[in-house]
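A short write-up of the structure that comes next.
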Amino acid sequence: MEVITSAEKKIITVDPPEGLVGTGFFATSLDKVVGLARKNSIWPLPFATSCCGIEFMATMASHYDFARFGAERVSFSPRQADLLMVMGTIAKKMGPILKQVYEQMAEPRWVIAVGACASSGGIFDTYSVLQGIDQIIPVDVYVPGCPPRPEQIIDGLMRIQDLVQNESRGRRNSPEYQALLKSYGIETVNS
Amino acid sequence: MQALSNRKKVLEQKKMTLVERLYLPAIFQGMGITLRHFFRRKATVHYPEQKRSVPAVFRGLHVLRKDENGAERCTACGLCAVACPAEAITMEGGERKAGEEHLYREEKYAVKYEINMLRCIFCGFCEDACPKEAIFLETTFAPASYDRNDFIYGKDRLVEGFKRHELVSPITTLKEAQEANK
Amino acid sequence: MSNVDSALILEKLKTQFGDAIHSPEEPYDLLTINCSREKIVPLLEFLHNDTVLAFNFLTDLCGVHYPHRAAPFEVVYHVHSFINNIRLRIKVAIAGDPPKVPTATSVYAAANWMERETYDFYGIIFEGHPNLKRILNVDEMTIFPMRKEYPLEDNTRKDKNDEMFGRDPKLILAGK
Amino acid sequence: MLTSAFYFIAFVTIFFAIMVVVSKNPIHSVLYLVLTFFCISANYIFMLDATFVGMVNVIVYAGAIMVLFLYVLMMMNLNAIAEQKRSVLFKISAAVTGGMLLLVLVAALKDANLQIQGSALEAEQRIGSIKVLGYVLYSKYQLPFEVASILFLVAMIGAVVLGKKDNSTKTIGIEPVK
Amino acid sequence: MLTNNQHIKLGVQELEKETMTLNLGPTHPATHGVFQNIVEIDGERIVSGTSTIGYIHRAFEKIAEHRPFYQITPLTDRLNYCSSPINNMGWHLTVEKLLGIKTPKRVDYLRVIIMELARIADHLICNSILVVDTGAYTGFLYCMQLREKIYEIWEEVCGSRLTTNIGRVGGLERDFNDIAFQKLENFIKDFPPVMKDFENLVMRNRIFIERTVGAGPISAERAMNYGFTGPNLRATGVDYDVRAMNPYSSYEEFDFIVPVGTKGDTYDRFLVREEEMWQSFSIVKQAIQKLDQLADKTTYHADVPAYYLPPKDEVYNNMEALIYHFKIVMGEIDSPKGEVYHAVEGGNGELGFYLISDGGRAPYRLHFRRPCFIYYQAYPEMVTGSLISDAIVTLSSLNVIAGELDA
Amino acid sequence: MTLLSLLPTLILIVALFAVTMLVALYSTFAERKVAAFLQDRVGPNRAGPGGIFQPLADGVKFFMKEEVIPVASNKFLFVLGPCIAIMCALMTGIVVPWGDTLTLFGASIPLQIVDLDIGILYVFAVVSVGVYGIMIGGWASNNKFSLMGAIRASSQIISYEISMGLSIVALLLVTGTMSLHEIVTQQHGMHWNIFYQPLGFLLFLICAFAETNRTPFDLPECETELVGGYHTEYSSMKLGFYLFSEYINMFISGAIMATLFFGGYNFPFMDNLLQATGSQNLVTIIGTAFLFLKIFFFIFFFMWVRWTIPRFRYDQLMNLGWKGLIPLGIFNVVATAVGLLFFRN
Amino acid sequence: MIPQIFQTVPIEHFVYLSAVLFVIGVVGVLTRSNAIIIFMSVELMLNAVNLLLVSFSSYHQDPAGQIFVFFIMAVAAAEVAVGLAIITMIYRNTHSVDINDMSRLKG
């Protein structure tokens, strides 16, 4: 049993249910292969609302080249994306839309909160701004900075890659994960 | 409308010439340009293996500096917290006890000093505000992490000497800048 | 490039509108006049249509809240004459609950959203506006957030100690 | 083997054809019709050795005409509109009419002289091949060919004129309500 | 005869409604930010549209009433984040106007360099995104490389790439160092070839011309009535430019032209922005020349000890400096009561700051005249009757920055 | 017809299937690399040495991704759409002559699965059916963007099929046969059709762009307007099928273009080589290699164009098709006919 | 080369098949009220005739039958182009493609 450090959310990747996957060589190496494959093929959905979006453009651009990680196919359709990159301020008016986009994404999905605004509200501690997107959707990785340098965004992606690589295939069906989603009031499609 | 200043210059939309109407010349010209880039040296910096240089003044992660004797400079005056537009700094002052002179330079010091890196916008006002040159923004970064509690940086991670997350190499020299475009 | 200056504008306006225009000032070289609520649209129309003045451009429109004044709200118009390159600030003080002022959309199309924004922030009703509803905030909002009595924060933030910033959290919660 | 293949294809063709008529959703109808055409083309190609006609059938009917139908249906977004229901009596009478027509057709064609000519059996050339068809088409049937192309041209122009959106014609047929 | 057919609805409105409602945004890829356009389309043609904004409303103006003057600079950074330095400078110029500070020539020139680089950066983003929206992605990346060079210069001066927080009341935070000038020189060397490449890629390409000519046109009268400023107004043929009409920061000494278009369509906006970039480039070169000619090589802020932070070593040794330091940081500087409006030519047009000060720590009221917010309301009118593709290129060419739009 | 005699054909089919898939798989990788290089970037390089496992990673990810079928969609058709798309893409390859004959174990095996005497028509038929995949998928998604993508796709493909047909008609006037094998054989010895039909080739090329939905004709899926176009609602391998079929189509159109206009597996000094070595097998293999070289060039060309120029607007695309290419196509047919009349003898 | 099918499947079966298809088309025309489906039923009838023509042509080894199929296809294509244009036009005006609604074009 491996615990991914997340005190707030307590995401625990549990061992897959017995009988479904044994501990045999095949299952574990399949897990590994799938992990490796997913890791190198993360298609981001840039939910860019403000300044961080411009830095994301810089990350996509030649100098930093997000593509090196297999992540250059930006898919604006939530169905096709693996990673929701929330970049920029999420106002309360935007919150439901963000949640809807998250719900539309196909499992497995990951979320990265890029920049101060998305992670915590940043300097905008105001009546109209959501103080961190983790109030409405579960977040896997936070990237600090306002806006973060492209290096930091890439760093965040690499954190995600670590997470992706080590995730067991059973995690998305585990009761813990279902409970996590339920705590956010998100309907799960598969169960 | 009449010209408002003597600087006006009208840009006419030129009619397309016959050659331009044929699509292909412009397309081939464009393809020539992209092909030239195809063989050009790539601009990409292979982060994380290679790191781009940033200037020494870059506003990265905060450090609480010590003086030449290894004593903490901070005196918990709170100016940095006041200057912080994101209200990300929290501190608690304490009186220096006898025998701690080698640890703290002034009579007052920060018992607790926390910066919420998720709130911080790295504007550098704390550095400007500090009268003791204690807080300083380095060229390193706060790394991404899985847990938001991980971003409350206490003194353990702020005081000078803590191993930093080196994302970029620190200083650009003039010579490097001159060579940058060769 | 032309001889239109503050004095001329003022003189023209005085002859046209008389007492509706009052207390002109010129802080930082920008002619500022106060106008009564009833005359503001005719005034803007006059400024817009007058061939000499030709204030063809509405630069800005915003509200200000002075809770301690008799007329607690003020709508400030900045108009600009491109040809004469001169700006003019017009202020309309309004009292009443809700505060009401006629809309300038008939003169300047640009006023549309600016008035909606002002309504959104201060609750100033622009009478005759084609689509006066909230623009920046959610429709469900009940307060007019820019009024001085409402706090900036919604107090959901937990990661700071207000005393650090010279504020007493209790007072803030009480809306002071 | 070929015989059973024929009966299989025939059965499938009839099934799809019936589905065309009974499907509620016009888009499904179109798709079933496409399948029907495929089956008929399969008949041409595999049973009747008329490959060229078969291919042209696919290209023209499945590839062009039915795409056009589908296009029009999608553009109108017609699946949302419920079709008016005909009465059961009407349907029964239609079916009876159809059945009687079938009887007549079968009766009429049953006694046609369907002997295969002996000479044809020994023919060297495949009559379905492009060479033969081309030769016949451009010699014996040249005039009809030309006429058909003129018909095409006229139809094309007609379609363009009809389909052209003109604001002045927008109200045709609307006024009569009084 | 027809009355029996109850299901036939012959109301004209019913018949007219053969349109489909399409929702562009708030997360549609073409919006490049967040705002919503609900358009009624008939086939591919837009019949009507409405815009909804406010999806990243951050209450700048309310925050500004709670922050001391100097802490408003980071807010302005996030207003039009494509050209933050212009916003910074605009704000500082406003405060300087309020406080009556006159900046030295060298400061003016340095500021001009920074602002014109910002304008180039802004227009680069806008034009290259326009080209991306027409389908050609590559030009965008060439432009982004150039933009990266501008970032490097800013970084050298202020220590940050995008949200620069550049400048202080009375001057700049620090002087340009040699590396900055060297990078500036490199930029001057790099700019023409990259721009030529970019222009050759699309400017006379028939596909691009046909996509943009006639897309989202607006007449000069309507544009002025709608409060257009900046390149979008200039594209309609009105040469209104704050730099030329009400020069600030010594712009009157520079030799530049104000390019205007003729039809006010997307192609005109593209052309105007392209030409403005060349003009900005020439201004930067002139500014460097002027800096060379100045005898003064070290001044980077006005001599206003009450408003400009003293150097750190003085804070220790000089009582007066220490007092000023505390006063400035606490935001307790002496500011006069008064109202001031100051405008600069931002990336998108006249960026105005209407500041009411009651002599207190924070502005009593600070209103931003955000050009995007004002001209974006014309968008439904501009796209009505055009195709969806036109609407999208029009949107990109208007360069609507969500941060500035929603404030 | 014994099973043994079918064996080479079966092997050929399997090999063709495998090669097509492989080429398509690596075309996705090549696309990303080419795009990156044209844009001064390096492209994917983390999955395996130089990133060569990138397509495999994508494939595995697709397979392991959750299948989302929108509630409001028509489930059967929703699944059927991508299947049709990829099936039609795969079907075309069987009439293409991939090489001359190989002689193995005494039996001569032509490197073409079937040599239809109406091969071109077959290609045409399959291509025209391929649009159903897009239309059905787009319609079944029950999403407005998808529907618009589907509508655009159908009208675009119908329109461009006409000019494609016209360019082929002109070509057929020259070749006098519809069998792809014969067309290739005729071009033996550098009598490539491109020299006789330059305009026809240009038309065919443009139409090939349109039929494969590549920029500048990628309106059905143009992401800045329609989010994802017809495949907006698709996730996992069903999306993979759509993306894949695009690359297979590119590969096949490259093959068809090489076959029709660039001599197929013919290469310069073919006869000399045959004389010198006397080994037909060697020549065949080199010929096949040359064919693939030509195809790869076309694939590169497709990508090169895509990453260089903007896309058309819907009405401009129609204008170009109906008012530009079709008249040109007709002109080409007439000119070819006149030319043949005067110069053939 | 003669199709093998001649030996096993009598031509009557093709006749019956096309007759059935034709009748299905007729029934479709009679029962449905959606103009487009009626149109499609007509196409089905045309195809039934085509099938018959091709089978006769094959069995009799006479290409004329297949030539006629081409003419039928040409006519069908022309008919579809014009017909669909008319339907589109009607739809635009009445927002319906129901033939019952079209009756009011009269007045």
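Points to keep in mind about this one:
As written, the chains take the letters A, B, C, D, E, F and G, and residue 1 is the first residue of each chain.
Operating definition for what follows: contacts are C-beta pairs under 8 Å (C-beta built on N, C-alpha and C of every residue); 3 or more make two chains touch, one makes a residue touch a chain.
None of the values given here were measured: they were computed from a predicted structure.
Minimum number of contact steps separating subunit D from subunit G: 1.
Each step here moves to a touching chain, and the least such steps from subunit D to subunit F number 1. Counting C-beta pairs in contact, the chain pair with the largest number is D-G.
Taking each chain's centre as the average of its CA atoms, subunit A and subunit F sit 37 Å apart.
Centre to centre, using the average C-alpha position, subunit C and subunit F are separated by 63 Å.
If you average the CA atoms of subunit A and of subunit E, the two centres end up 32 Å from each other. If each chain is reduced to the centroid of its CA atoms, subunit B and subunit C end up 39 Å from each other. For subunit E, the set of residues touching two or more other chains reads 2, 15, 20, 28-29, 54, 57, 59, 62-63, 74-75, 136, 138, 141-142, 145, 148, 163, 201-202, 205, 207, 238, 240, 245, 406.
Along subunit B, residues 1, 4, 27, 30, 33-34, 37, 42-44, 46, 82, 85, 87, 116, 119, 121-123 each make contact with two or more other chains. Across the assembly, subunit A contributes 61-63, 65, 68, 76, 93, 120-121, 123, 125-128, 146, 149 as residues in contact with two or more other chains. Interface residues of subunit C, counted against subunit E in their complex, comprise 27-28, 30, 32, 56-60, 62, 64-65, 76, 78, 82, 85, 87, 89, 108-110, 112-114, 117, 121, 134-138, 145-146, 152.
Residues of subunit G that touch subunit D in their complex: 1-6, 8-17, 19-28, 30-34, 36-37, 39-41, 43-44, 47, 50-51, 54-55, 57-64, 66-67, 69-71, 73-82, 84-94, 96-98, 100, 104-105, 107. Listing the residues of subunit C that touch subunit A in their complex gives 136-138, 145, 150-154, 156-157, 159-160.
Within the complex formed with subunit E, the residues of subunit A that make contact are 47-51, 53-55, 57-58, 60-63, 76, 88-91, 93-94, 97, 101, 123-124, 126-129, 146-147, 149. Across the interface of their complex, subunit F is touched by residues 27, 30-31, 33-35, 37-38, 40, 42-44, 46 of subunit B.
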